[in-house]
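Residue numbering begins at 1 within each chain, and the chains themselves are lettered A, B, C, D and E in the order written.
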């Protein structure tokens, strides 16, 4: 049990980063950066979901942003239909998306590797069309809840009404997400997943219920993605289908690999690349099309030169600086 | 075994007939015909995109998301040359050349550095390349309504009261011809065999003395040519809009999935069926809003059908 | 006691096993046969990775075929693969613990059991080592320890000595001999190292082209002229 | 000789007045021509005495067709910068994302290129252009009155605040005129538009209204050409097809057969304001700034804004609320680029521009087929009431 | 005329797996490489085949330098390696596997194919079967077949008898004698030491990636103690 609550150096660094994000970052940021960091926080949570599936089970989900859309859709739907507080909407949206993830997983479980990735890509393509066709609820009537003209207000958590407080809230949620993953990793599911990644046959032979654990993993990714979507809805007050294209799901996975799927640092790098880099390029006045080119080139470069991801490279560098410290990823 | 094979075809034919029957019920026969003809054209494009993907995947193990972008770059070049007053065939040729050059650039300079990575990582890396191409295209050509038309558009035959242009016929014939040609190439030639060897296990193929770089270059060149041709056809038949042509790869992948990333004939038939079903959905008041979802649903169902009754067994491979 | 009745397996047109019946009741049993005889297939049928076209399998009187693979593991079936399957990012201890993770016994007793079995295979001092850092032989030993925890009833090895030096395979053989004593499980070994089979197995089944061609005490079986012709080639190896 | 603001010929040197603008430029479209023209006009104003000697510091952001980037652009321009107003906005999504932000921040947005309902039905946004709803109505009205249309098939984008909203208005209009309309919706994610065209054909319509961005519209027209449908239907379209590259892109087959509503004065009208706009662009803009209808709209928004600022108490120029009140107070501004008067008014909806021209696609350009006419539809009842109240009628 | 390796070092995953190994294979000679599990035998073969980076030393065949060349170039220079673990082109048929391996031959593909099938009738029976669905031993035969199809002058075989039935091993040993007689030089890694020493002219023993013994196979055949010493260093 001591092992369960043992905090590794990397873990301390993570807690420190979260503390910085919660205590200091918001007061340093203006409204623009608050908005950038908030959406980075939301996507961090979603990226944590894909990265964990990939790192722990070797499963590739190309539908994570689609799942975010599902979570966001549900959160909006609940917000406009009922008077629940934000937390309830968040929890329900995350849970429902988890269930959605399970349902998605059921047919996908027979597959692995590329095929699994492609089925999830098909799901992402389908969700993209559905979002584009029906849009996100904005206070209208009926099941789809869409009205023309400006939408109704989205209620934020009562403790996080301001943009600053909301950023804190999002970072705290992301931290919880990482803790949830880490907890799983240290317990029975973590061991089962490690073996499944090695070989599903070996896992079955070792008494691991492969279906259950794979479904479970999909559920967790869905949970994180759903929560991320609900948080994003809270950040913007409304959602647009343009955010949830299938290509964005692919991009998120690519970034998770580029950042380094095995560590929280990698997810952070990925989220920063996804949200902060374009914001910086935008401030520098780089043409949006050119920043696409830069982004794509950076992605390729990182995939080629950093097999462990950028975070892996940075951590290796750090380890070389401080010898004798055997840090295991948290 | 053989019976099972025919069983699949029979099942497919029945399903298609059922879909067309149910959706077309009560519609004017001529409209149904028009929807089918229109579906076959889009379907050929899906199939062509899928064929490009499968050929490259089988030979190099790279699932290429950038084919659409390369085709878009080619089509834009063709448009530009024509706008500058060059002789049109020169533009078409340039389209093929540009798409091939872009694809080869990736195949020669970037893909080998990623050869040892997992398939999925290699696939998403090509998305990065697609972004580069798309960004560059949008930077070079401001958004403007454009179109390309081939001389074959002017020629057409009338069939059951609908007009079918020579372009559509050409596309249809070309996709069948390409499938047959590539199938023969892979099955009958040494390079084709080497390509298949490479796709199965690149390291081992190298160990067997197969000149990896040369074979891969050929595969990428074929993929580039196909991408250019698809881009040109897409620009003519659907529209000349780089981002739309770029993301055409996603339904293309759906078509490729139907053939399990392997069987070109099934890719062709799958692509055509997707196009037809997607168009036929227009006749359903309930489903017409979501008709573009058809390729994804079909691909997912087909995959499930393939995997039915199968238990997971060994290894980390698919 | 393991009873296999009339098991037939087809892959498309290939008949990999045809109506194989056999009853293993000795502590350590061998399966040999030419390449492609169906040995691995038989083991896959037992562990649930291949569904036979027909036949029944019962272990200690319980029908095994209806159980899903992981259920068979819970029942007490263990197997090793031709290539050991040790997760690189788990420690030796964790790699073994996975095998009994599903059981409801208290954490302390699980820990004790894993430690005991690691000691038995001689890996106790390396329990904290991560999978990726193990040598080939250590990985194989960890694999064996995995087969010993959780009250196994039937332990199967597919070519465990493949790629091992003569000394190592002798050591492994000795370890396999101890399994029945330590856990009460019955052991099934496939290998082409006839010396190994001869020294550790009481009974041996010989398969050829998916058919049982001999079964009985190992020494007798190895002397059977049909076995010599189909498998060994000549008198001595 | 250009005319801008105070026309002093002296560069403004005082403390700058901060003004923002958001445009969308990324795939699938470049909507920056309105902010480009507005920027050129402000540059001209600054070179001509500014606003009572104070230059306009015009800051623009690209929303990249991405809702989050749009929100961030507004955060940067509205929350982080003490801008007094937003001028010249051109986007497909920004207004939907930011309408509430603008209202909360109490800032007025004088948009120029607006395509969605939020632009016209929220309190803090007023646009110079008409948007699809109004322009559709203009096209449909022309078709009913001149082409004998009884049944319109409106091919719109399957987006609630764009295609559905604007085709719905056409249905209401046709019903009011005793006719009929069918909405045919294209999913924005669908590459192929042919099935939508077929659906329109099957609806029994006699007129096809192509309520689409130019790219998709061209695709529909080429599909129709393939089936040789030109003479079986009347072909009408709202403003997006009024684009100088369209006649060449549609090809000779269509010349003389497509009627397009132009929400601002077509280029050949060339009144004094139109000439001034071109002169401003030539002198203060970039060579590649588009000379299109969105550019006209951006110019107009900037010009009307400047006029309103010049009419204000100079002490209040940095006060967002005061500037907002001044903008709301705009009434009866005119330009030869617009058929009717421009006004804002203190309402929860704004659509000052609901009169336009009708043009026909001909070889090498467009030909005006109907001069300024006001659209007549039940949708405009509240607007007319407001105009009456403001004394504009 | 020989396959000469001087002072070779090979790394795997950043760790030196083999270092300072020199050896020489004459045509018609068998060099047995022995050593415990993890001694670096497989890495040696992979390094020689161009599949792992060679960080020091040189490799040459018949005075033609091969150091740092890619695996395909090395195979085309006449050196065929059979890596450990019966690697086959899983998604190709047996026949296609062998034809692909023979596709680098300038001529005589069909005869070579016939020879290979004659050595492994098990394979001839399953020409159309997908290689990945074959049994372990059948795949090992196919992996050996790959190398034979190149008609190499030198063969590097890792764990030749791994997973093969005794009958087949016997057949193979006879075949190795035949290859020797035809002047093919062979580097042989084999778990059954006595078998390897039985055909070998020269024996090498590796431990922790370094050569601990190099000399006539006879020496180790005659003195099992010497073998143990070299293996375990007691």
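By definition in this document, a residue touches a chain if its C-beta (ideal position, glycine included) is under 8 Å from a C-beta of that chain, and two chains touch if they have at least 3 such contacts.
Remember, it's a predicted structure, so these values are computed and weren't measured experimentally.
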Quiz item: Which neighbours do chain B and chain D have in common?
Solution: A
Practice problem: Write out the two chains that share the greatest number of C-beta pairs in contact. | Solution: A-B
Practice problem: Compare the CA centroid of chain B with every other chain's and tell me the farthest one. | Solution: C
Quiz item: From chain E, which chain is the farthest off, judged by mean CA positions?
Solution: D
Quiz item: For chain A and chain C, what's the span in angstrom between their mean Cα positions?
Solution: 42
Self-check item: Euclidean distance of C-alpha centroids - chain A vs chain D, Å
Solution: 38
Quiz prompt | Chain centre separation in whole Å, for chain B relative to chain A (CA means) | solution = 31
Quiz item: CA centre of chain B versus CA centre of chain C: separation in Å?
Solution: 48
Quiz item: Which chain A residues sit where two or more other chains touch them?
Solution: 129, 133, 197-199, 201, 204, 210, 289, 292
Quiz item: Which residue numbers or ranges of chain C touch two or more of the other chains?
Solution: 49
Quiz item: Taking each residue of chain D in turn, which ones touch at least two of the other chains?
Solution: 25-26, 158, 187, 189
Quiz item: Which of the residues in chain D come into contact with chain A in the complex?
Solution: 25-26, 61-62, 64-69, 71-72, 75-76, 79-80, 93, 96-97, 99-100, 103, 117-118, 121-122, 158-161, 164-165, 187-189
Quiz item: Any idea which chain C residues touch chain E in the complex?
Solution: 11, 14, 33-37, 39-40, 82-83, 135-137, 159, 161-169, 192, 194, 230-234, 237
Quiz prompt | Partner chain C, residues of chain E touching it in the complex | solution = 35-38, 84-85, 122, 129, 133-138, 140-141, 159, 161-171, 191-193, 231
Quiz item: Hey, which residues of chain E end up touching chain B in the complex?
Solution: 49-51, 70-72, 75-76, 81, 83, 87-92, 96-97, 99-101, 103-104, 146, 150
Quiz item: Given the complex with chain A, which residues does chain B contribute to the contact?
Solution: 63, 65, 110, 113-114, 117-121, 123-125, 127-132, 134-136, 138-139, 247, 250-251, 253-254, 257, 261, 289-290, 292-293, 295-297, 299-300, 303-304, 307, 310, 312-318
